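Got a structure for you, questions after.
Per-chain numbering from 1; labels A, B and C assigned in written order.
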Amino acid sequence: MSRRGAVPLALGLAILLAMAFLAVAAPLLGGDRDPGLILPAERALGPSFARPFGTDLLGRDLFTRVLYGARVSLLVGLGVALAATAAGTIIGMIAGYVRGLDGVIMRLIDGLMSIPPVLLAVTLMAVMRGSLWNVIAAITLAELPRVARLARASVQTVRGQIFVQAAIVSGAPTTTILLRHILPNIAASLFVQASFIGASAIMLEAVLSFIGAGIPPTIPSWGNIMAEGRSLWQVKPHILAFPALFLCVTVLGVNLVGDALRDRFDPRGA
Amino acid sequence: MLGYAIRRIAAAVPVAFCVALLVFALLYLAPGDPAAVMAGDAASPADIEKLRIALGLDRPFLERFLHWLAGLAHGDLGTSVFTGLPVSMLIGQRVLATAMLMLTAMLISGAIGIPAGTLAACRPGGIADRAVLIGGVLGFSVPVFLIGYLLAYLFAYRLGWFAVQGFTSPFVDFVGFLRTIILPAATLAFAYAALIARITRATMLEILAQDHIRTARAKGLDEAYIVIVHGLSNAATPILTIMGMGAAVLLGGAVVTETVFGIPGLGRLTVDAVLRRDYPVIQGVTLFLAFLFVAINLLIDLLCAAIDPRVRQ
Amino acid sequence: MPLLDIQDLHVAFGGLPAIEGLSFALEAGETLALVGESGSGKSVASLAMLGLLPASARVTGAVRLDGIDLLTLPPRERQLRRGRDIAMVFQEPMTSLNPVLSIGRQLIEGLPAADRETRQAARARATDLLAAVGITAPARRLDEYPHQLSGGMRQRVAIAMALAGRPRMIIADEPTTALDVTVQAQIVALLRDLQEATGVALLLISHDLALVRQMARRVVVLYAGRKLEEAPADRLFAHPRHPYSAGLIAAIPRFGAGRGARLAEIPGTAPGLNERGPGCVFAPRCPQAAAICASPPPATGVACHFAGGAA
């Protein structure tokens, strides 16, 4: 890899490792504080030595809550990246390989892509009860069309190549061709795409929770914390600022890793 | 050109139908009973059943879908459960603010993104190039809330240059309009401008290396003329196409931006409807915005065909 | 004074020499051919004359047009001379025209200000140019786009564009290589007719010796960035003095207009940019190579230690 790409990659990985550490170690780092512990006497305090991020409107410790929020964000990012990539790849491979289904599947995918992801996820959350798993499911559905399109396009490119044609002619079963010959050749671009989907999912979860259509308010997520700080953003900006900053840094980390992966594995990808 | 326009519009019809089907089916298939959610936790099973019948939720899928579709054909998007007003009327009241927000954001992003990306491509490794690369990463990483609140805090709350909240129609008070629209539009433009700058840079790098640019230079043309007329005319199609796809970023961002800046637009309408579980409104607004997205991309395809004769073939 | 006088031109990319000490002159109205294989530096030389090489290229020496050294001119003045004094026709007609601008627009933008005082005058001049290169229904073609034309037609348009600036010389870089054989003959005839009609000087850059024989009065043979021999065409083809020239000419098919493996008959390949020593660059492939060839060949005349005796 070029030196130019090495620094951002290292930075991105360092950010993600740090976030993962904070998320796992939240109960230890947050002291003996429960992220849900309400202390009415300590409402909306600014940052101080004892409480580095201050407290929210109910007197809950923001540092602890932001650390716990990392758990939600990383889980959503990873969960959606895996689920959307897996489902999208299967759909895209079927569309790209089985000519008869291509038209129908791609019309539906086009239709799904016409609904902006945020809107699609918000709409889905309206009918589902707010829970972590439902949020992951809704965002997965919103991100899935992008993967399906990429997978289909990649399959169509690869299936025209000689070695795949040879495998088809030699009578190899379709599943063997798809899994042995095609999947390994499109895996790199899907992997790169998965990282960007992870970044987008983390952002989307925060948006959903911020507007009140995401994770239940009882679970501290960055979007939820920001939603609580919304009404007092002029006078108590710290409630918004810390989760927003963590969100920003985390997404930046994922994007840096994604960019580096793309430069390395898929330089033609835009 | 006319032939292409007709073919392209005809191709948009099945997509629009699929969108309608999906919007309807998603709310139908999603695990959850709209009637139960709407009625609230305190409602008795009998109340829920009554609501279900009132909403027509007891009818089979196809019948409900066709009924809904027939309504759509007449511009009837249903009636808001919460306000009792027609959804089309609610959309009509809100559409101006969102349209102005998106249009202003598009103007700002284009005015920044296209020159920045072009400069970056003209001088690889230069200041503009670095700015576009860094801006590209930041644009996709900094959440809309953060930019929105940051801009609002600095320029509206602290400096008082702009309005903190609300929206004024440009047809009522243009200065007031600018005072309310610039910050949210700039917020929304951030990611979109990064996207445009990035694609402009990549496309222009490719085009400026093409043979016909060398021909243009051999003719003794001005370098600025070559870059703008010969370069950008070739780059227009990919840039516009990405702008069209990226309109999803704008539409999604509008939901957040309108919340942050208290703008009574379609994004805010969606959020309120979601919080109130006002299904007809959710369905109507989602469909409207999806159609808007399809229409924007249709328009952009026609624009590309007008610019690039090869597309028309 | 010759129209174009190139003295000791050197071009290097990243310290590696692409052209070393190239000198030749072109008289007004004359046709000179610059002959060499791909990689010999002939296209680099033409781009260096126009000042179209990337900024990373180091160009030294002198390219004098009417006694004025183009290499020392400020970029802006040099730009104004492109197309007006020296115009260029490129090899690849499929890609050398802008696909999204109409033929008329691309012709008109290259006209001198005097030729486009009004829209009508500009269109009339553009129509004349298309007619001059033998395009039928020229007025209608102005509003068409390159993809609507065949390769031969596009090359005619490219030639019309080169003529648009009323240049005194045209550099034609492999103008027929990308075309079908029958179309090649038409383009050759066109270039000759135009030269007779307008008196424009032609610097023909080619690896196609059959074409060179038809068109050029004098020939410069270029190999691995160095000039090996310069001679009037008649004499070169009858009595090549450099072994490389002899090899090239021996490889011309004796009958038929076929193209193909002419150069493959000299064994080996030309040295890369980083493989060129001070001695004769052709020595590794030369049937006459001897120990003396490791020392620099004569700087004037034919660049061969044996040229005197071998002639």
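Following the convention adopted for this analysis, contacts are C-beta pairs under 8 Å (C-beta built on N, C-alpha and C of every residue); 3 or more make two chains touch, one makes a residue touch a chain.
Since the structure is predicted, the reported quantities are computational estimates derived from the model, not experimental observations.
Student: Looking at B-C and A-B, which one has the bigger number of contacting C-beta pairs?
Tutor: Between B-C and A-B, the larger count of C-beta pairs in contact belongs to A-B.
Student: Kindly work out which chain lies most centrally, taking the average of its C-alpha atoms as its position.
Tutor: B
Student: Could you state the distance in Å from the CA-based centre of subunit A to that of subunit C?
Tutor: 57
Student: From the mean C-alpha coordinate of subunit B to that of subunit C, what's the distance rounded to whole Å?
Tutor: For subunit B versus subunit C, the centre distance works out to 52 Å.
Student: Please report how many Å separate the Cα centroid of subunit A from that of subunit B, as a whole number.
Tutor: 21
Student: Scan subunit A for residues touching two or more other chains and write them down.
Tutor: Nothing qualifies.
Student: If we count contacts the way the header does, which residues on subunit B are in touch with subunit C in the complex?
Tutor: Touching subunit C: residues 210-212, 214-223, 225, 229-230, 233-234, 236, 307-310, 313 of subunit B.
Student: What does subunit B use to touch subunit A in their complex?
Tutor: 14-15, 17-19, 21-23, 26-27, 30-32, 34, 37, 137-138, 140-146, 149, 152-153, 157, 164, 199, 202, 247-249, 251-253, 255-256, 259, 270-271, 273-275, 277, 279, 282-283, 286, 289-290, 293-294
Student: In the complex formed with subunit B, which residues of subunit C make contact?
Tutor: Counting only subunit C, the residues touching subunit B are 50, 52, 79-84, 87-88, 90, 92, 95-102, 109-110, 145, 147-148, 158, 161, 164-165.
Student: Can you check the complex and tell me which residues of subunit A touch subunit B?
Tutor: Touching subunit B from subunit A are residues 8, 107-108, 110-120, 122-129, 199, 203, 206-207, 210-213, 226, 230, 233-234, 237, 240-241, 244-245, 247-248, 251-252, 255-256, 259, 270.
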